[in-house]
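First chain A sits with chain B, and in the next complex the same chain sits with chain C.
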Partner chain A sequence: METSNITRRRITEYLLEGKRFDSRKLLEYRNIEIESPVSNKAEGSAFVRIGKTEVAAGVKLGVSEPYTDSEDLGTLVTTVELSPLASERFELGPPKIEAIELARVVDRGIRESGFIDFNKLCIKSGEKVWTVFVDIYPLNDDGNLIDASSLAAVAALQNAVMPKYNEKTERVEFGKWTSKKLPLTEHMPLTLTLHKISRSIILDPCREEEDAQETRVSFAISPKGKDCMINAMQKGNESALTQDEISKMIDTAVEEWKKIYPAIAEKIKKVTAR
Partner chain B sequence: MIKMAYTKRFDGRAFDELRKMKVKIGVVPRADGSALFSFGDTIAIAAVYGPRPLHPQHMQNPEKGVLRVNYDMLPFSVTERKKPGPNRRSSEISKVIEWALSPAVRIDEFPNTVVDIFIQVLQANASTRCAAINAAAIALAHAGVPMNELVGAVSIGKIDKSIVADLIKEEEDYEDGEGATDMPMAFTSRSNKLCLLQLDGKISGEELKEAIKAGEKACKKVYAEQKKALKMVKE
Partner chain C sequence: MEAIKQDSRDMKSEMTEQTAEKKKRDIVIPGETIVTGSEYLPGDCTARDGEDIVAIRFGLSDITDRFVKVIPLAGVYIPRKGNSIICKVTDITFNGWIMDINSPYMGFLQVMECSKFVNKNDLTEYLDFGDMVVAEVYAIKHRGVDLTLRARGLGKLEDGMIISINPNKVPRVIGREGSMINLIKHETGCNITVGQNGLVWIKGRTVESELFAKEAIMLIVEKSFVDGLTEKVEEFLEKNRKKFGNSVKSEEKGK
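For the complex of A and B:
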C-alpha cells in the first residue's frame, strides 16, 4: 500500500529529532545477511537480506561477439526484474523505469569499479568473448533495493566460476565447470545510497522511509590501495541539492563506506567461498 | 614509455572552456515551445506540448500537473546506427532529465494535466543529455510554462588528473593515466541547486567536490546563452 501522508510527516518529524521508527541511528544499516549459493545451476549466486528486504542474484556466462570498440574485452549485462512476488506495488510485464534505473545503477557500479577483469574474458579477439549476465531478483521489498541489489550482485560475482568451454565445437558445455574462478580484481564495489528527508540524511531506509524521501544519491565506492574511489553515482528524484548538501553527502558516503566496507567485504568472501 | 599527462585538450580548448554553444528557438513551429541547443557538434532539439489533459486518465494527478520527458537519439546521430525506438539507456536518461527539470517548473497549478517534452539528439559527440536538458529548459520557457528559473547542464570530466568542462567523445574514451570520469550535472539558474548528477569512472571525494564546483561555474555560462536567446524572441 502507498505510505500515507501522516506516516510520511511523522517519519520526517521523528528524523529531525534523530529518531527512527525501528530505533536505528540515522546512518545505521539494518542487519545484513549474505548467503550463497541460491542455485547450484548458476555459475555464481547469492542471497542478500538487509532487514526484511531480500534479493537474490545469479551469474550465468555466455559467449558472444565483442563490441567493435573493445574487441578483446568481455561484456556485462545486468538486469533487474521487479516481480509482483516481492511487493504488491510491482506488476507483471516488461520492465518499467524503476527496474531499468535500478539495473543500470548496479551495472555502472560494477563496470566502472573494474571489479570484473574483462581483459581476461576474451576467447578470440574480435570474434568471441565471454558475456557475464547478472540477473537480480528482489524477493521482498522493504526499501533500499539499490544497495541490496548491488550487494547481491557483487556476492554472486564473487561466488562465480568459469563454465567449461569446448575449443573444438567452440561452445560452452553448460553444467560443467572448471576450477577457475571468474576473473575479478581487488576493486570490489559497495553501493551506499543516502536519502534526504527534509534536513535529515539517512542510510538504508525501510519502505515507508523511502516513500518519505525527497531525493537520494547513490555512491558505488571501491577500495584503491589504502584509500577508496567513487566509481559511480546517481542522483534520483526531483528535489535539488545545494553545494553544501552535496558536499556533506559525499563526505558522509565516504566516511560510512570506510566504516562498514571491511567487514562486509570479508563476509562476502567468506560466504561465497567454494 | 612515459605517458604524457592530459595537459592539453584534444580540441585545444582551455580546461574550463565549453564548446561553442548555439541556441535556436521555435525550431518546431507546431509545438507550444521548442528549441535547438548545441555544444559544438552535439545537437539536440526539444519540443514542448502542454499543459494539456493527460491521457490515459488514470495517470492524471488531481493535485498537480505531471512533467513527462522523452529523450531519444536519431539512428544516424552516432557512428554505429542506433536501433530506432526507446531502449534502457534512453528510458533512464528521460527519467533523470525529468528529475532535473522538475524543480524549475511550476506545474503544480495545473492539476490533471501533462507537460510533454520530446527531445531528439540529431548529432552526437558526447554530453547529449546535457544538451538535451539545455534545449528542454529553453523550450519550456518558450512554451510559456510557468517556471521559477532555468536549468543549465554541462558534463564535467576528470581526464587523467585534470578537471575539464564539456567532454567530447575522445575525452570520454581516454584511457591513459587515471583514465576518464564522466560527470553530467545540472544546476538551477537562480537558486543554484544541483538537480542532475551522475558519475562513472574513478574519482576521490575531494576531486568530486572540485568537479561539482566547476560544474556550477560552467552551468552559469550555459544559462547566459539560454537567457540571451530567450530575450531575442519576439512573439
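For the complex of A and C:
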C-alpha cells in the first residue's frame, strides 16, 4: 500500500526534530549483509541485504562484436528486473521507467569508475570482445534499491571468474570456468544516495521515507590514491535543488563515503574471495 | 472495539485449547497432509481430501482432540464481517469512495454510510485521495467489501501515523481482551488503533512516544510465538523508557 498522507507528514515532522521513522540517525545506514557466491551457474554472483531490502545480482560473460568507436574495449550490459516478488507495486512485463533508471544509475557508476578493465576484455580487436552482463534482481523492496543494487552488482563483479571460451566453435562453454578472475581495477565504486525530505537530508531511507522524499541525488564514489573521486551523479524526482544544497550534498556524500567505505570494501573482498 | 472483543475471544479459546492438550505444533505448507483418518474434523484454513486433512494456508498445525486447524503465519488479510479496519481512499466515484483495505479485495464506502452530512457535489471535502479512515466491514459481496462509518470509534484519521504489520499477528498485538495494546497505550501515552487488516494508527503528543509505541508493536510482531510475551514486552517498555525520553514520563505527571 502506498504510504498515506498523514504518515508522510509525520515523517517530515520527525526529520525536522532530527528523528527518523525507524529511530535511526539521519545519516545512519541500516545493517548491511553481503553473501557471495549465491549461484553456481553464474560467473559471479552476490546477495545483499540492507535492513529488509534484499537484492541478488549475477554476472555472465558472453562474446560479441565491439562497438565501432571502441574496437578493443569490452562491453557492459546492466539490467534490472523489478518483479512483483519484491513489492506489490511492481508489475510483470517490459521494464518500466523505474527499472530502466535503476539499471542506468548502477551501470554508470560501474562504467565511469573504471572498475572493470575493459582493455583486458578484448579477444581480437575490432572483431571479438567479452561482454559483461550484470543482471540485478531486487527480491524485497524496503527502500534504497539504488544503493543495494549497486553494492550487489559490485560484489558480483568482484566474485566473477572468466569462463572457458572454445576458439573452434566460437562459443563460451557453459558451466566451465578458468582460474582467471574478471579483470578489475582498484577503483571499486560505492553508490550513496542522499534523499531530501523538506529541509533534511538523509541516507538509506526505508520504504515510507522514500515515499515522503522530494528529491534524491545518487553519487558513485570510488577511491583514488588516498583520496576519493566522484564518478557519477544522478538526480531523481521532480523537485528542484539550489546550488548550495547540491554543494552541501556533495560534501556530505564524500564525508559519509569516507566513513563507511573501508569496512564495506573489506567485507566485499572477504566474502567474494574464491 | 467490537473487533477487539471478538479477537480476544478467539485468543481465549486458542489459549484454553493449548493448555488442555499440549501438542507439538508443526509448520505446514499449503497442500501438506496434517493427519489422516475420517475421525478428524477440518477447522480453519484446512480442507478434507479423501481420508486426509490438508492445510490450505502456511502456518502452524493445531490438533485438539478431533479438531484440526491451521494458525496462519503469513498471508494477506481476508475481510470478515464486523472487522474494524484502517483503509485509504484510492478513488472517488459519484456516490462514494473506493478504498484500499490492504487486501486482495477493494473496499467501497458509500456516502450514505458516513456518520455526518457530506456535500454530494464535492466528496473530496470530506475524504480526499490518500486520506486514512477507520471503517467497519458490514457486508462482503462478490464484487468487493462494503464499509461503514456508522459506529463508535470510526471516522477519518486527521493526524498521527500509520505503520503496517503482518495481519496474522494482529490478535497478538491486541492481546487477551486488549491487554497488550492497553499496556502499550498506558506506557507510552499514545492513542493506538489496530485495524484487523494489519494497519496500525499511532498518535502521541511527542515524537518520542510515537516511536516508542512503534518499536513495542514491532517487537510483538517479531516475537509473537515466544512464551511469556507479555513479560517480554513489559521488560522492553521498562528498559527503553529512559532511552525514548523523559517526555513520556513528564506527560504522565502532567495528567
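Quick note on the criterion: the second predicted complex is superposed on the first by the 274 of 274 C-alpha atoms of A that agree within 3 Å, B and C clash if a C-alpha of one lies under 4 Å from a C-alpha of the other, contacts with A are read in each partner's own complex, and residues count from 1 in each chain.
As a working rule, a residue touches a chain if its C-beta (ideal position, glycine included) is under 8 Å from a C-beta of that chain, and two chains touch if they have at least 3 such contacts.
All of these numbers come straight from a predicted model, not from anything done at the bench.
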item: Room on chain A for both chain B and chain C (clash or fit); value: fit
item: Chain B versus chain C as contact partner of A:Asn5, first or second or both or neither; value: second
item: Partner chain in contact with A:Ile230 - chain B first, chain C second, else both or neither; value: first
item: Of chain C and chain B, partner touching more chain A residues; value: B
item: Which superposed partner A:Ser247 touches (first chain B, second chain C, both, neither); value: first
item: First (chain B), second (chain C), both or neither touched by A:Glu13; value: second
item: Partner chain in contact with A:Pro183 - chain B first, chain C second, else both or neither; value: neither
item: Partner chain(s) touched by A:Ser23 [first = chain B, second = chain C, both, neither]; value: second
item: Partner chain in contact with A:Gly62 - chain B first, chain C second, else both or neither; value: neither
item: After fitting on chain A: smallest Cα gap, chain B-chain C, Å; value: 8
item: For the chain A and chain C complex, residues of the former touching the latter; value: 1-7, 10-11, 13-14, 17, 19, 21, 23
item: Chain B residues within the chain A interface of the complex; value: 80, 88-89, 91-92, 95-96, 99, 102-103, 173, 183, 188, 191-205, 208-209, 212-213, 216
item: Touching residues (chain side chain A, partner chain B) in the complex; value: 68-69, 95, 97, 100-101, 103-104, 108, 111-112, 114, 217, 224, 227-243, 246-247, 250-251, 253-254
item: List of chain C residues in touch with chain A within their complex; value: 88, 100, 102, 130-132, 157-164, 199, 207-208, 210-211, 215
